[in-house]
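Okay, so chain A shows up in both of these, paired with chain B first and chain C after.
And then the complex of A and B:
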């Protein structure tokens, strides 16, 4: 099991996966944005998306868990 | 060799330099000189030749060639490798591909034209051939991902400072739009590739409208965009502006990576057109309205809403109210 963690504070611009999706390590799963800098967040390991804790438009803090992959 | 020949031609311009002199200075045959001259002509250099007196440079092309750029470059990191292309889909996209393959920090990708220049949120940035500066910078700094968004302000200061140095009174709209009389002159799109605690690379894409032709502007841009040439007497040398931006970016970047962000923030504030203004902030359908009161040490916008509450803004589209 792996948590996908926000490396910076910002806003969730897009969630690119749904619960149940299979992801490979380094797949883009979320795009964060802060001060007009866009940052794709990559799957830390391969697996299945178990839980998505944020929606597009949410503000997130650094180190917040965004997605749980199992 | 190309650069050396151009520099000889330039140092003699508007006069002639003989093929013999070029060949002896550079230690190549006169036939080789002639071949190089032909290549330069293919690159758009207007060179007159005369059988007895030699060659004369009439005009250099308005192209962002590296050997032309080098004449004005003083930077240490930014631009130590330059990739020049006539046409690309997007310089940010090319930069990303190169960064993935290990391109070094400071690599700059320059294009005369972008066919699918990237704006924010998947919008296009109108980038016709020769009418602006469209380029992207690859950075691989040791800063933490959490600090990386500050680079968007650093880039804005580099562009705004350069344009002010040549007499164009631009302002910065939070976080990094470069405006003049409320119209957009330049835009910056930064993209990060990071792991949880490490930046793999940052791409800073910059687009500057130099001489957009009003007749062919798409409608949605015509009302909000402007060009440098509307504000500069005597025309704009694209190559000099580009070199100055890279030079300024270089010193600001070194200042930033050695802990000098607060100085840069002061410059940002000096050039801001957002602070102490009433603003609306649009973020995915929600709108906040109030006074843009300050920016904090991370560069976030501090909004004093009309109900008196304070909101720290990291994201959203700012519109200035009068």
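And then the complex of A and C:
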């Protein structure tokens, strides 16, 4: 099991996966927006999306868990 | 022979590895990026093709037994070495779609030269608007790199209908002949292959280089034979004078002055005359063999090597979406020999990277912007740093690095993707204004050649402080890519700055805001239209727009030309920069 963690604070611009989706390591799963830039967040390992803890538009803090991959 | 080695081997033979192969996921998710870049590349190719087809069709010249300037260049230049420049340059928006000259860097008989040809399809190589500026860029380039200038002259003189845009002015067409004189005085030879009729300015174009080789039908002269009417004493034309002109033209049999009979047989200005067009080019090749050039091994610090990673990866690494960050060292890893890079002060001024690399075995300095967000940086601010911006440490680092490159005679390649320099009172207190100008001072203080690439954004003062084309004495040339955008600030920022007060006034007066909003949006669109790669090339903001995978080839040409005949040498074993990096 792997938690996808926000590497910085910002706003969730897009969630690119749904619960149950299979993801490969390094797949782009969430786009965070901070400092006028888009920062893609990649899957740390392959697996299935078990839980999505944020929605597009949410503000998130650094190190907050965004998605759980199993 | 006994034992042999490259200089300062412990520093240069094997430098730190950088970069990594793209993962399967990276390849997968960058397919769209490749497609978007391809669209831009296609637009650029289309624009280039239009320039190539400008003027008389090539077939028409072929039927007359003539070669086009493109044919001549292809025959002259060593295969695979041509790096075109100024292809889309057309600052005066000429109807011809170009400035009537074709130029670039290429090798002839194994030696680098700056090569420029009159496009004989375009009004038989006429002087048209913007051409003088193009030529001055080319002569400046030969001066900067200290390599021979090779002309393929075929110049019919001023396009008389537009003389006011061509002839006069400080940087008008005659200025080029002063540049030729300057190059000669600096010891930079100019070889001239002369074709066709070259009257007046064409005559000076013929006579001003160092060595003149002519085709049998060529002529160069103070004035042409075409001015048959002479002065019209009435001061205007009427039917009578028009008919007189017709008669004079019909009876006009005079040959063009300054033909081979004169300038080979009598004055002996022409060193050689050739019966065929190719013969003249063979003559140029033979003269190139006589010119001095160091063997590359004299300056190489290692055997040349290709980058470990494919240059085509660049179309996946640099995102089309300007808001997306990327790993800039992955770009460097696709340019440098063996994908090696010895970074100078990597932990200081992290928003920029500076370091030494090898290009085709020669040592160079490379400077560029890192992308992404830097949470605990800059040290003077309570906000995070953003890649592409410049902060105090980064500016200091670049100044130090450039100064050391100047001391060690290392040419510098700049990889710009910059949105500007940090602003605000804290930035002022951090001395960013003075540090930006200090970087300019450091560049000007050196006498090294620089090549600048606007990978994506060139914006605000950062565009010029980072060795941009404004560094007239150092910048050899500047390249754009299909992703290049050059503007003083983003269009929305500019529109807000221009119309904010107006919006307030309109609102206070109870008037509709719509007309102002419309103007603001127009301004935003204009900023987009006037910052695109083709526009940048047309206006000369960049000297050429190239596909990203061609970047290595241009770096090789720049570096090789730089080391062909350098004006100043630092013995490699006396270089300080590699030692400074090691500590």
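What we mean here is this: the second predicted complex is superposed on the first by the 70 of 70 C-alpha atoms of A that agree within 3 Å, B and C clash if a C-alpha of one lies under 4 Å from a C-alpha of the other, contacts with A are read in each partner's own complex, and residues count from 1 in each chain.
The rule is short, and it goes like this: a residue touches a chain if its C-beta (ideal position, glycine included) is under 8 Å from a C-beta of that chain, and two chains touch if they have at least 3 such contacts.
Because the structure is a prediction, the values reported are computed rather than measured.
By the touch criterion stated above, A:59 is placed in contact with chain B alone, chain C being left untouched. Once chain A of one complex is fitted onto chain A of the other, the partner contacts of A:40 extend to both chain B and chain C. Once the two complexes are overlaid on the shared chain, A:2 sits clear of chain B and of chain C alike. With both structures placed on the common chain, the touch criterion links A:11 to chain B but leaves chain C unconnected.
In the superposition on chain A, the chain among chain B and chain C reaching more residues of chain A is B.
When the shared chain is aligned, chain C comes close enough to touch A:24, but chain B does not. In the superposition on chain A, the residues of chain A contacting both chain B and chain C are 8, 33-40, 42, 62. Listed in rising order, the residues of chain B touching chain A in the complex are 120-121, 145-146, 148-153, 175-176, 188-197, 202, 283-286, 299-300, 314-316.
Chain C makes touch with chain A in their complex at residues 23-26, 28-29, 321, 323-325, 372-373, 375, 384, 386-387. Those residues of chain A that touch chain C in the complex are listed here as 8, 24-28, 33-40, 42, 62. Here chain A touches chain B in the complex through residues 5, 7-11, 13, 33-40, 42, 44, 56-57, 59, 62, going by the rule given at the top.
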